[in-house]
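To keep things clear, I will list the structure first and then write my remarks on it.
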Amino acid sequence: MKNKILSVLLVMSILAVPVLMSGCTDSSQTTNSDNNPTEESSSEQTLTLGEMWDIENIDPASAGTVICEKAAVTETLVAANPDFSLEPGLAITWEQVDNLTWRFDLRQDVSFHDGSMMTAEDVKFSLERTMNENPRVKSMSAIDSIRVIDDHTLEIKTTETNPILAGVMHYPDTSIISENSLDEDGNFVKPIGTGPYSFESFNEQTRVLTVVKNENWWGGSVGLDKMVLKGMPDPNTRAMAIENGELDFTVDVPYSETDRIDAIEGINVEKYSTPRVYKMDTNLEDEALSDVRVRKAISYAINRDDIVEHVLYNVGSPAAGPFLPSMTWANKDLKPYEQDLDKADELLSQAGWTDTDGDGIRDKDGTPLELELLTYAARPGLPPMSETIAAQLKDVGISVSPKVLEWGAISDKRESGNWDLVLAAYNIAMVPDPFYVLNNWYTSNGPDNTPGYSNAEVDALVEEAKYIRDLDKRYEKFNQVEEIVYEEQPKILIAYYGCAIVKKDSVKNYVFDPTAHDYRINAGMYIAQ
Amino acid sequence: MTGKIFRRKDMTISILLLALLVVVAISYPLLALSDPNAIDLTNKNLAPSAEHPLGTDYLGRDILNRLAAGTTTSLSIAAGVSAISLFVGVLIGCISGYYGGIIDETLSRIIDIFLSFPGIVFALAIMGFLGGGVINLILALSVVHWAKYARLMRGQVLSIKENEYVLSAKIIGAGDFHIMRKHLIPNSVATVIILATIDIGHVLLSIAALNFLGIGLPADIPEWGAMLSAGKEFMRTSPYQTIFPGMAITMVVIIFSIIGEGLRDIFDPNDTGGEYL
Amino acid sequence: MSYLNVSSLCVDFLTENGSVKAVNDISFEMKKGETFGIIGESGSGKSVIGQAILRLLPSNAVVNGSISFGAEDLLSLDNKNMRQIRGREISLIPQNPAGSLNPLLKNKIQVAEVFEVMGVNKKEGIKSVLGMLKNLLMKEPARILENHPHELSGGMKQRFLAAMCLSYKPSLLIADEPTKGLDSFSKKGTLDLFRHMKGEHGNSILVITHDLDFALEICDRVAVMYAGQIVEVGPVTDILQIPSHPYTKALLNALPRNGLIPLHGHTPSRIDLPDGCLFYTRCNLRSDKCGTERPATKSIKGGVVRCHLY
Amino acid sequence: MPPLLRIKNLVKTFEDNKVLNGIDIDVKKGETLGLFGSSGSGKTTVGRCIAGLERSDSGSIFFKGKDLQAMSRREKKKVRPQIQMIFQHPEISLNPRMKAFDSLVEPLKIHGWDDKCSLENKVEELINLVGLRREHLARYPAHLSGGEIQRVVLARILSINPEFIVADEPTSMLDVSVQAQVLRIMEKIQQEKGVSYLLISHDIDVLRKVCHRIVFLKNGRISGVENA
Amino acid sequence: MAITLFAVFALTFFLMNVVPGGTSEMILKHTFIGLEESATQEQLAQFSEIYNLNDPLYIQFIDWLKGGIFEGDLGMSFVYHKPVLDLLLLRLPATIILALSSMAIAVVGGVSLGIYAALKENKTADHLLRFLTLFGVSMPGFWVGLILILIFSVYLKMVPVAGYGSLENLILPAFALSIHSLASIMRITRTSMLETLGQDYIKFATSKGLSVNKIISRHALKNAMLPVVTVLGFQMGAMLGGSVIIETVFAWPGIGSLLVNSIFARDLYVVQACIIVIVFLFLIVNFIVDLVYIYLDPRIRYG
């Protein structure tokens, strides 16, 4: 009996340890936590923001989208205009000195939130740190070394010719922090940046990030006194929370709800296209799909307008080429394929696919035209879109069975060649430059060219463009590439991705930035009293 | 026995409803009245009407039609899971209970390990890494469910293996296989089957839960849980596509609970009607 | 003046298959200080009587007839007054000693309840129980009270229950199948216990049993039950030595020492009772009349019998 | 002539509790031997050892001169069925999910009896022997009385012609009138088939009435023998 | 328990590693380069190097186990860039708070309603309660959660939709999570109570002349609780499982939502750790249930 009591005590104490310990970490790690966010004086402008992902990490080297774009705590060297052309950020000018060397001149009047001035040393430190932490930036930028020329000048050497380096410097994970963001042991503590808002607290338990106005922002005056960012990964929750009045600003409520919420008094919804495109890869090893007529027929069979209206609820728009028409380098001559069932029928018949047995499915040499359409559920528009495409293709006699798999499983299938069609939503301006996408998607050795598309002309054009520093000439080459792949349809583009910004009417002066990776909070936004 | 079953009103209704569901499940794919996947985008998210008695879903598909088609999928997955886990559970439980000793020790330990995973977490882990799909779903849920039956079966076998008719069979010269097949399994399986009946409902709930988390079945397969999960996004603009599948699941779970518990009452040896003498 | 008077008692159980006539028109009376036995084989309905007296039957039982105890009509008392009778006036030593003690409570608590009911100071009560336990041939009574029921042997449990019942000093004690399931050695212990109770306490005892030998040893008068009816009542020695009713005779003859003569056939279904004598199909002495007309009870030499022969 | 069954110096221990402490018993062919003892005296253990449900720690049980506990598997398969057992609790003596008929023919089927016609005859013979009617055969045990069940059990084990039957309190759960029926049938079977019984009971009256000899068991030892 | 835990470790570890997509590649995509982008060989190699994913599986397993047992080091989370242990300690209180409060609701509500129903056997209240609990055990938990949010947050605006940190946030998830268990506990309590009331010792207590209240409070309750206690263990397990879904619905920052997120992100060590924590909690709960059982039932205590 005694032993039993002892063992009970033992177990209890074991149980108690994590609870107590968590209590400790809780209090120590959220040192600056504001205990009473509700007890703010009403004259203070506080905006509560429903962020679309869980906020877990506040290190801009890996969570730049949150810290740099959404919380506006840090800034990058390079900014971008709505047409995706680059403009000065923390750097005023930059220049590609030779194939392997870039030079950046920094803004002189920028101070960090802790009061220290930003220098080239800080930039070098931040970029090198990001390079270590973030394999993506490392490979995109291909930086070999960074040299501080003087307090406000940097020289960056790349390992190979990298025409997009300036664009990479727009990527939020490259944003600049002060060395004081780290403790003596080199562990990241909190982001000390240069942005319009400065970090106040992050409660790891509730995952609420609070930032406050930076009175000394180099860019001018800042609209809000305080911004509270709450991670709400579920679109329904965000919709209900803003209706409920818990939020002032959020994004991407369920698309189907956008019109209803817009109609609610005091809330408005704005829909924008964002640099991401729904595209359907075709397996060019497949006998039917290797025929350009079949691919074009598929493209003609799809009703992009219907999809945009009924599946995306107009959050997005029909796609022609891989780039948004608003992008400065986009080939504006291309128009989305219009649904044309006669043309589709004609093309398919020319290619030898006819319905000989009357079952509604075309066949050739006794093989029915049956395709598997793979997609994944992480982006909510994809499963219904795949079902819709399947139904539309059925009308021209192509049997498509849509399957929703984990992305990992899709990758595996693609690698083994065991696939027909894959519907996915790809980013088209990871960095504001066309090279990245066109090279990855359409050149013979492009890492994202799993369909196996190979066109010598395309390869040559892209390679040529790499060494042209004159932007207009460069973009001309890319426009030619766009035109070729528009005709050949190795990837069938469906629609541009959209973003729905939902905010209270009292939130004024919000400016949507299409170059942001989800959305960006601009300094001028304020709440009308 | 049958008299006893139909004397209970709730049992009768439940059995009739289940029979109806099974008929729908079997006949639906054979009849192929209309394609449950046929979309009609202009008529999406409609409220119930004469044309669409339960409304339409987010792609304009008829909800009633899809619910009916879903009967086949939902019931066959649930039946598949129950059949597999029942078979494995009964077999392992029986062997473990009958032989005892080191065999029992080993098997019991394995059963314990499987039981110590909360079911949905385990299924989630398996599904998360196997990927979605009917077969994977059946496998994952079977892996989760069998141990429960095995433990129950083992207990039952332990409680009857010292019964005199089992001893008598041994003395008569019956082999182990004969004893298990003729004596142990028939006399303990009823309890396990009752549990399985009630459990079919839980399987349906698990399917729905996995679908809710986005790793069950693809949305184009008309399955109730998948429908519910796909419809949750339209919860407020068009609640029917969530409410009706949810109600269908709830009703079937209730039906199986009533039948299972009714069976338990009927099989209960205490209920002989003559106990007062 | 009869002390307990049961007249025309009928108990039916409503079941899914119909109404089971467990007890069918039973009348008997007990005098003060008497030990009265009800003897019957399994299924004869004997245990129902004890429960009917204390109104402990389940809710699907339909009770007709009357049971009077002293001046009270037990079947028409309200619940509160009935509770005054239970325990204090009439105590029941239940059939299944193992199941009748709450396994989770210490014996002491279960005894203490008795005094709660009686309104006696607990300490004194415990003292008197200790005495009672000692009296009932139990060793170490103080330790027993600190134990839980499962730590007592079967015989001890029975004694413990008896002690509890006797603590009330009830005027009527009902013992339901005190020897059920006991082997011959334990039976002897039970017999000692009952002899002791009878001698020491002098209250009336109603013994319900299937055990003819036990009844012979302990009872003054017995009633023999068959298929829900009392077929014969009389002084124990008369009945067990010169039985009147053919069933009693057959029952006695089946005893090993009386020749182990089998009694063939079955007791009739209790849902559809036959018209005639319930023993008709198994009776050696039957006549045609027995098959059509149910015999009424008749008084014979100091007893009662239900047979056309008399 | 050697005895049919000879038990020599049987010892059996359960968890430090010496249940049997050197038992010697002989049973002759056609004899009913009574084994008397209170609960815990080890009498049931003797029966279970003979029937092969337990193995003794030491000592031997000779059946027709051969040690039952030292036989090869094949020998066992041949000899074992000649010793059968009937138990105390009728409610669990038959498989509740088998009709009486199926329980009855189960041993025949196990021992390879597949001729349908002669099976019917055999069943007829068996139920006559124990005084059951055909209608009983279609019933499940729940619808048979305790006495009827014990008779089905007897018929069932008789179907494979055992020479020795261990009866462990076969009537202690039965009413007096039914007890007489069952014991009488057992007597009748002995007369017709010449089987031997080991009748285990705590009711000395019963033993004195039906046994040829009675062995008294106390605390795992034989405390006396009585000839009836 | 140790063997069980070890088996759970091993099972989880190897299950996590035999999955499509290649662990390191998937993590890389989820974490750094975007789900749909392709990883270059160079990135893969670099990543595998950082997180020691190049060793054979069994070595990884042994390393991980060693770290976990001897240094309390369960590895680093790929997604959160934090030691897994820190992450767990951060999330554990939320899950424990949610589970305990749900359990409290379920136990208090279930037991009292169960007793009430048993005492009103076959009366209207009993039938009504049984009917309601039938729904309680049959409705999908997340569906209930969604409907609760719809009613109480959106229409009635009584509580916030989701979040963590205050009592208001706790109400809906705790209730949604408890419904199934509450109904189960009510049903088992009712059954067990009725069964107990049919026991001989209750009959004997009645024959002793005790009042109905005494009989119920002293004799029936404690005894009727035995099966309820057994069920509690299972219910707690079911609740830990259910919390995975409910936490997701209500954005509750506990182990459950961490697990779901990590499964999708293939944050290997976090998934393993979460599963192990859940299993461990489950085992602990069952151990406590056993102790309570021993406390309640003297037959086991001395047996």
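Labels A, B, C, D and E are assigned to the chains in the order they are written; within every chain, residues are numbered from 1.
Throughout what follows, contacts are C-beta pairs under 8 Å (C-beta built on N, C-alpha and C of every residue); 3 or more make two chains touch, one makes a residue touch a chain.
Just so it is clear, the model here is predicted, and its values are computed rather than measured.
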Worksheet item: Which other chains touch chain D while also touching chain E?
Response: B, C
Worksheet item: Which neighbours does chain A have in common with chain B?
Response: E
Fill in: Centroid-based (C-alpha) most distant chain relative to chain B
C
Discussion item. Taking each chain's centre as the mean of its CA atoms, which one is most distant from chain A?
Written reply: C
Fill in: Chain pair with the most C-beta contacts
A-E
Discussion item. Based only on mean CA positions, could you tell me how far chain C sits from chain D in angstrom?
Written reply: 35
Worksheet item: Taking each chain's centre as the mean position of its Cα atoms, how many Å separate chain A from chain D?
Response: 84
Worksheet item: How big is the gap, in whole Å, between where the Cα atoms of chain B centre and where those of chain D centre?
Response: 45
Worksheet item: If you average the CA atoms of chain C and of chain E, how many Å lie between those two points?
Response: 53
Practice prompt. Would you pick out the residues of chain C that each touch at least 2 other chains?
Written response: 42
Worksheet item: Can you list the chain B residues in contact with two or more other chains?
Response: 128, 131, 214-215, 232, 235-236
Worksheet item: Mind pulling the chain E residues that touch 2 or more other chains?
Response: 19-20, 146, 150, 154, 248, 264
Worksheet item: Along chain C, where are the residues that touch chain E in the complex?
Response: 51, 54, 56, 83-88, 91-92, 94-96, 99-106, 109, 113-114, 116-117, 148, 150-151, 161, 164
Worksheet item: Where on chain C does chain D make contact in their complex?
Response: 41-42, 183-186, 210, 212, 250-251, 254-257, 260-264, 266
Discussion item. Touching residues of chain E toward chain A in the complex: what are they?
Written reply: 19-22, 25-26, 28-29, 31-40, 42-43, 46-47, 79-82, 86, 88-90, 92-94, 96, 146, 149-150, 153-154, 157, 160-165, 248-251, 253, 261, 264, 266, 284, 287-288, 291, 294, 301
Worksheet item: In the complex formed with chain C, which residues of chain E make contact?
Response: 199-201, 203-211, 214, 218-219, 222-223, 226, 296-299, 302-303
Fill in: Touch list for chain D against partner chain C, complex
38-39, 145, 172, 175-181, 183-184, 202-206, 208-210
